[in-house]
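Alright, structures below, take your time with them.
Paired with subunit B in one complex and with subunit C in the other, subunit A is shared by the two complexes that follow.
This part shows the complex of A and B:
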């Protein structure tokens, strides 16, 4: 095997790990970064997106549209959850975790009761291509592209739109934003819905690559947590570099010793990072700039 | 008599609900009832009741870490699992003769505590607190579950003990008390009931003494305001770490008792659902007090068991709903709120009460 194919293989695995970390973490990171709330039902929003997407595909809707529908349904559920539960708990961040964990239990077990222990999936689209001795899935490259696209879209949303300006004002000084006429409750609702929608998007995008079971959310949640903890409170200065860093760790460990070693590597990396940078990468970068 | 009253004074203090003769008479009545319970029941039912009791240690440990210390640990089941597996590995390798199971119990709890000390060092000395502490401890639990779940192959063995992947370990010997004229094997029956009940009383009273000591006062001070406690000269990291280790050891004790009770342990005892249950027990009961946690845990477990026995799939949904409702409507816990309500007419105003 020559250097070129080896380099491509390493790059491909990095891209795959990066896409997985970014897509599974961005919903969690948006909600945490904007609202200081850790959404433990994050995995269930991912599951929701995946189930809706696959159902839509079974109903004859093409996959790209189905993914969008999955994300929108998750966002709607997210908005509902925010209005019913999260809204009442903003001054008690620890209780929010506990309450969302309750929601997570309800979501997993409720899905099991309503839809059974598994659901027929859809095949991975686009087939594969050959580089050197190995074949690679095209869809994994699409996922990497989507991860980059999601980061770019979030950047545009928070920097170039009216909603973005209001949202950033609300994070910085909520009562001042409110005094200037921003409906902060609405901003929080929309942000939570956005985070839930991004989780649903991740679920929809990964649905063709995995088995649909009610507990599928837990496959994503640990990676999402780790990325958010390492990244800190800022989506762009935190989540993206954290995902890049962790993707290197994960891809290296996975190609050496397998999937589980990748996860253990992530966990050890996060424990070391928080010992050195308790506020995550974004905390470190922002302090440097300030 | 003087020594006895001094002992009782150590059990009472500002950090626990329930003081004075009335409470302790009630305590003795409940204890007497618990002691007499096997007389009115058969061995099988008593053995099932012990199953409830094995969980309470983990709940009390979480109450100490979360309710008193203010650190949210979602990793209690990790310590539970580590101790359970350690007990299995030790006893399968070395057998149960000469009371070795008790040595294995101590070692298993110590291993869990050691693991907690290592993890806690990185967390607390890295000044991780609040939500991040919960996420990291939960991640540790989930990774541990996945690690144990993939140990199905024959290469995963420690001595004679196969780890057995997702099916879990089984057939380890139950706890055995060395006794003149034949060891007492503690199968889930009346003997085990009394041993666990005794342990429970010791742990409950011990924790009461601990939280009402100066250690407990400092712990609550840290919960209320970490910066203030630090300004007053306490190294809060050491106190938090100490609490974390004690709580982990109690979770480990639960793990050992559970493993010895059913003679099996599986990776799913560390999964997402398993990790949520201690949070439900402690939150619903009232995390800021040992007694309400104890009552709450027993109540929630009884409800859960009743639902499960009647074949309802809704048991976990009910648990989740209970958690959400408690957090929204009675943040300090249902039993805690109830206790306050009952106690109000009887309470004499004490210096320091708000």
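This part shows the complex of A and C:
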């Protein structure tokens, strides 16, 4: 087996792990990393996106459009949750844990009761390609591309647009932003909806590759929180390097000693990072630059 | 909350508890006292997709029995709890059904981890539990009756057949807990006995849903077929991902299709060339099976699939009825004396089944189910009356002693 094949397979595994970490984490990076809301219902937003996407495909809508619909519905649900529940708990961070945990239980059990224990999948599109002895799924490359795209879009949104500036101002010093005429309540709602929508996008993108069950969100949760904790408060400067670092650790450990070692490696890496850099990678990077 | 309302609430709660307790203890003993059956199954959580139907199957059997006059004239009453795919819940509810609800027998458990979590409690209170799942085998415990199929029934048939058809290089992908580990050991031994070679083994923690690395490992090892012993809905994502990466290898399993009806849940052709040995699935084309499916769908039209565990659960209620009626009591020792006679048998939807006195496991008809490209099922082979022989041959004899232990091929019962 030649070096090129080996290098490609290592790169593919890294990209695959990177995409999974980025897509599961970016919604949480906005809601938890940026807004500071410990959102235990993150997995249920992902599940919501996946279910809506698959239902849309079953209704005859093409997959790319269906994924967008899934993300939009999740965003709408997120906005609703923010207005009804989260808004009243911004200065009570511990209570948001209980509230979002409750929402997560309601989401899982409600889906089980309303839609049954499982939903038929839609199949993975685009087929496969061959490199050396191995064949790979094309869709996995699409996922990687989407992860990069989402990161770039988030960076542009928060740094180059009016909404991004207002969102950052609102979250840093809410009363000052309000004094300058920013509708902070609206900004909070929109930012939370953005996070929920990104979670829904992750669900929609992974839906064709996974079993659709009400508990499917839980398989994203650990990776999501780990990435955000390692990344720190900045959505782009945190999530991207954290996901890259963790993807290298996870892919390497998994290819050497199997899935269990991959999970252990991931968690050990997290412990080390938050011991050395308590404010995450973005905290470290921003302090260096300041 | 103020101190006063708190006290008021507490008093109300206390009165409620007392009243409940009183109502409980003063129920007069009637001649037709119901026989109580505890049902602990996962109606929510990771396993719900495959275990929800077991409760319906038990309910169906109980309703039929009650309509026909009950068990020896006594009605059958179900005490149902949702164990939420959580081992701790099994322990809590097992204590509750045995101590508070005082049930006569319990039907409990999907995963082997949950069974091993509740089994010590059944032993402690000397209860009787039916485990209606296929599993890795080896439980030698007088308090347990196992109606599910075991490795000597599922693997001793499946693996040699696969090796003959596809070749001798085998790769195992298994869930990383007692079921997967012990089943993988069985596969390893059977492959070796038949002159084959294990080219790889991967164990996957429960709840993992991403398989790119494992897919690559399998392609690197170039096996003739892959044995998939994956458990839970998260791990079932493997099939879709392997198909998307065009792995294209035949698969063999003891848990798929017959348990998780993946051929219904996934879009064809992701399960193409999957071979499964199972003692029952709804596609089985016999008059008994068709009658069972018709009855089931009439009562539960929304049931997505009738799997082997549902048939096991259904027939177990009838086996229990037969034992109680023959013994004239629900006393566990009296029931075991009936089992010891070796003729506790019945005609189930799958065919004739009997309880083996030595191990209290069950003989089965084993069907080899093949999934084709459009996910339709065919049965290339059927093995009649396959006995759960291993425990008995290895030295487990519950008619003589009760070790209440689980044995494996590498850790067999001690020789007397």
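Miscellaneous remarks
Simple rule for what comes next: the second predicted complex is superposed on the first by the 290 of 290 C-alpha atoms of A that agree within 3 Å, B and C clash if a C-alpha of one lies under 4 Å from a C-alpha of the other, contacts with A are read in each partner's own complex, and residues count from 1 in each chain.
Here, contacts are C-beta pairs under 8 Å (C-beta built on N, C-alpha and C of every residue); 3 or more make two chains touch, one makes a residue touch a chain.
Quantities reported herein were computed from a predicted structural model and do not represent experimental measurements.
With subunit A as the common reference, the superposed partners subunit B and subunit C clash.
Judged by the touch definition given at the top, the superposed model places A:159 against neither subunit B nor subunit C. Of the two partner chains placed by the overlay, only subunit B lies in contact with A:97; subunit C stays clear of it. In the overlay built on the shared chain, the residue A:13 is in contact with subunit C alone; subunit B does not reach it. Contacts of A:229 after superposition: subunit B is touched, whereas subunit C is not reached. Contacts of A:85 after superposition: subunit B is touched, whereas subunit C is not reached. Contact with subunit C, but none with subunit B, is seen for A:251 once the two complexes are overlaid on the shared chain.
Of the two partner chains placed by the overlay, only subunit B lies in contact with A:106; subunit C stays clear of it.
After overlaying the two complexes on the shared chain, residue contacts for A:5 are found with neither subunit B nor subunit C.
In the superposition on chain A, A:271 makes contact with subunit B only, not with subunit C.
In the superposed three-chain arrangement, subunit C is struck by just one stretch of subunit B from 152-160, 224-232, 278-286 or 296-304, namely 152-160.
Where the contact sets of subunit A with subunit B and with subunit C meet, they give residues 108-109, 112, 215, 218, 260, 263.
Listing the residues of subunit C that touch subunit A in their complex gives 44-46, 48-49, 52, 176, 202-205, 207-210, 212-214, 216-217, 219-220, 233-234, 236-237, 240-241, 243-248, 264-268, 270, 302, 304. Here subunit A touches subunit C in the complex through residues 9, 12-13, 16-17, 20, 108-109, 112, 116-124, 127-128, 133-137, 139-140, 208-216, 218-219, 251, 254-255, 258-260, 262-263, going by the rule given at the top.
Interface residues of subunit B facing subunit A in the complex, by the touch rule stated above, are 72, 119, 122-123, 125-128, 130-132, 134-136, 138-140, 142-143, 146-147, 150, 271-273, 276, 279-280, 283, 313-314, 316-317, 319-324, 327-328, 331. Contacts from subunit A toward subunit B in the complex involve residues 32, 36, 38, 43, 85, 88-89, 92-95, 97-99, 101-110, 112-113, 215, 218, 221-222, 225-226, 228-229, 260, 263-264, 267, 270-272, 274-276, 278.
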